[in-house]
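What follows is a pair of complexes built around chain A, which joins chain B in one and chain C in the other.
Let's look at the complex of A and B:
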């Protein structure tokens, strides 16, 4: 007779085998490719990759755009999430629905829409000309600005949703308490809201950063070959040059970047928790407003 | 438990094991083609051929890199009998020992082909079945294009797209640009340097023809070198579009049929190639605006011809890069391009 332990294992087996066969094995093989050469195991492919000035430019651009998109999403996300949680139940539901709406539209369609919006005759340029900021249309398409806008629009909903659920769990009277105690709005945000919603920020930040790093369609369409990112470079190496060694190196870099971002965000959140919880507890207790 | 594991593993692996066991059946032709217009190819070529040969036609599609890699991987036991690819990919395949010379005596329609299609690789390693011109599509109300060098006219600064060096249009366009500059060395050093110098004036280095059509449609760009196969989209735009006939001539590319070394269904492959090259099929593909005819006996009306690379005069004016020049230099071009143009 099976023990409950072996029964559990047997139940997990099909799923585990499936994952091993279609995910772990191919990914492992691809990543191993980056360490293989005719003479044995080596990190030569990594050295080669980073020796190219062009690859370094693309690496930094990917990191920079990922960080900027995450930062912008956090700033806009907090504002939007505050607005949403301050509303009544039904209005809140409608607004969250609106935030989710773009996620239901194909990213390809959304990105193509940006080509029209950001074009020479698009609404952005027409608006800029109408208010007299420019005489000549500004070229947005195929620039880092276009990729930034596209990625921000694509991933902002994930940040807003994470922050809405974090803010919903914020004790209702924490903010009034801090205000009564004389904290400025900035202090309220930095010392009360941020520490108490850090989980939402970590989740949202990881989703946005990882998404921005690994997005393909947006940088491919809005940036093109003039604004290559690691993901578009990976595609180019495979489809144009059949160069799986470089592809493996890029895949590994992307994985490492994603994990590092998550770790870093967790660290930041943990450090803040350590530094802040003590004071907040003391203050809220003193004000007699604990739940 | 210990017995359950191998049993489950076997059950999961069984379909995989069985899948590889099927041997090439009799009367079964396997071809490898580009992924585009497959519905039309099925209706105009594949289905009628299957009815004619009473055999099964298996079609594999994909981009050239994937298909070439697959052919090479199965070199010793080829599953594909016949493939179509660009002249330079075909030359690469022949250098890799994947292909064998085609016995043109077995192709009744071979004599009907334009001269440039009869033996573009030498030794009949490939037979041209279609080609296309590459020139500059431009807005005739905004700019005049009489030379490849006109792409860098001041009025086109910030309003022109250029094919990326990794596309099939890239190297031929650079070659013509070099010709216009009076330096048509195979290294393409002068034209790549010229493009690098004007990098900021070029809106994008495009990778797909469809992208250029959209940029032209929304007046983002006023001119771009494109392949004739994409031209019909421009004629449908509500804009004054023109196809340039530059003083240096037009360039372009050609696709060829190849026969794999050790093909298991050689007779069927010959039958199929001859069928595809026939006046009837080449006419049907031309009228559907899918492939320009390599068969000189094909005759189409003026409206159709306007959308194709068609006619003796046009064909003779094409200045095509030789496949060996492409194959021997493309690594160098890419390196030079990446160092100077792409950042």
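Let's look at the complex of A and C:
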């Protein structure tokens, strides 16, 4: 630890100034726009935004899809994380690598794969026709279902990663002990595993939820203008209507949610340093996920 | 034994869901047929060739490459000193500095792009390309600080103190003692930053002008107007590029250890 404060500040200042200038300042000005009108400061834009039934529908849809994706990711995540941890040390690294892989792939490629699969002549529709379940193609694209599937694929890895590191820290004999004492598998999960891995679940859940809320490409391509979410609504308001007031309101909603989630994660990471490595990894990768 | 079998079955399903779609799109892109379908009708590289022959992709590829390489290098140049200062000095406002440099990943990209367009490019009449470089640098800065910072935390501070006591300058100690030891962390930060910047869509959405378009944005507009296997070929090429970079990084650097 070096003592010279000015030397340390001189090192940190260029980076911090850069981020403040090209990032904080423009974003701050954009948020301020939402409170400006010709006659001065006002919250009129917020009132207008939530008075529109369409906007409210989109707001609740965004929250609902986020919650559903988080719930599904938690259920599948526990199953997958248990499977990964149970296969032992040597397979673990490789399996985690495979799970993380989709996070690194171009979101455009990722989303178009779902078009090939879910489209009118896609695999799913052809399979349904082949076994005689439908006569004409079922519409999957531009429905909430398609957006849900796309988001789940995108963010499931973050949940699995958080739960794997939580399960790794589970005392080795906790589960056998509970079994010996007569607990059913459900009781083992609800009363032993869940409380001991709660932190990993909260971390993974927060990452998945905020990720789903702030995703852009998935709802843009798989939902289109039929299934707008807050991010795609922002884009549409700006490009179609030059409506910067609404854009500023949406930006505020998304930033507030994202920042509170981040604050929660920091608290958790600070509270228990033991579980830090997994947390940091999931957080770094979560941020790297191009949505 | 049956527990092991169950574990394999669960993983097979989950991995099929996570990775299967990419295999599908690679196969569809190698189709010899006329329409976008899976399984492909015969194998050929004709659609790959078609994608590679499209003129506009070359300039947008060059722009995306430039952004990814130079944006990430700039972010490392700014971020490594920040990470070093945060880990080795008792800084006033350390927490604020940490928050400021990690803010760009907390705020959704589309907001960053719009904010830069409205309050940077338009009022100051700044070139869109320059704004793109600034945005991508800011976007990668948090990884540079975080990943390099983690490497620094793992390196004992008394190494460079010893070097300084033995007569090295502070800078000399950094270049000759610290840097060689955190090299793979720096490279991992570069790879993560490169992939993130190269795949980035929302930030660049509002930051495009005549002749200035990043590759993913260019691809989206191409995909909107096309429905033949070239779409899949294009997506497959892009996916394979990311996978190849990450695979090589993992193979030679142990990439995942650092992120």
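Throughout what follows, the second predicted complex is superposed on the first by the 239 of 291 C-alpha atoms of A that agree within 3 Å, B and C clash if a C-alpha of one lies under 4 Å from a C-alpha of the other, contacts with A are read in each partner's own complex, and residues count from 1 in each chain.
To be clear about the criterion, a residue touches a chain if its C-beta (ideal position, glycine included) is under 8 Å from a C-beta of that chain, and two chains touch if they have at least 3 such contacts.
Since the structure is predicted, the reported quantities are computational estimates derived from the model, not experimental observations.
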Which superposed partner A:29 touches (first chain B, second chain C, both, neither): second
Contacts of A:163 with chain B and chain C, given as first, second, both or neither: neither
Partner chain(s) touched by A:265 [first = chain B, second = chain C, both, neither]: neither
Touched partner set for A:207, first chain B, second chain C, both or neither: neither
Chain B versus chain C as contact partner of A:175, first or second or both or neither: neither
Per-residue contact with chain A, leading partner among chain C and chain B: C
Partner chain(s) touched by A:240 [first = chain B, second = chain C, both, neither]: first
Which of chain B and chain C A:14 touches, first, second, both or neither: both
Which superposed partner A:116 touches (first chain B, second chain C, both, neither): both
Overlap of chain C and chain B interfaces on chain A (superposed complexes): 2, 9, 14, 112, 116, 119, 121-122, 221, 238
Complex contacts: residues of chain A adjacent to chain B: 2, 6, 9-10, 13-14, 17, 21, 52, 54, 57, 112, 115-116, 119-122, 139, 141-142, 221, 224-226, 228, 236, 238-242
Interfacial residue positions of chain A with respect to chain C in the complex: 1-5, 7-9, 11-12, 14-16, 18-20, 22-27, 29-30, 33, 76, 79-80, 82-84, 86-87, 93, 95-102, 104-110, 112-114, 116-117, 119, 121-123, 153, 156-157, 160, 214, 216-217, 221, 231, 234-235, 238, 244, 247, 251, 254-255, 258-259, 262, 280-281, 284-285, 287-288, 290-291
Residue ranges of chain B touching chain A (in the complex, touch as defined): 1, 4-5, 8-9, 12, 63, 65-66, 68-69, 158, 164, 166, 199, 203-207, 211, 214, 218-220, 334, 338-339, 342-343
Partner chain A, residues of chain C touching it in the complex: 3-4, 6-8, 10-11, 14-15, 17-19, 21-22, 24-25, 28, 35-38, 78-79, 81-82, 84-86, 88-92, 97, 100-101, 103-112, 114-116, 118-120, 134-135, 137-138, 141-143, 145-147, 150, 157, 170, 192, 195-196, 198-202, 205-206, 216, 219-220, 223, 231-232, 234-236, 238-239, 241-243, 245-246, 250, 256, 259
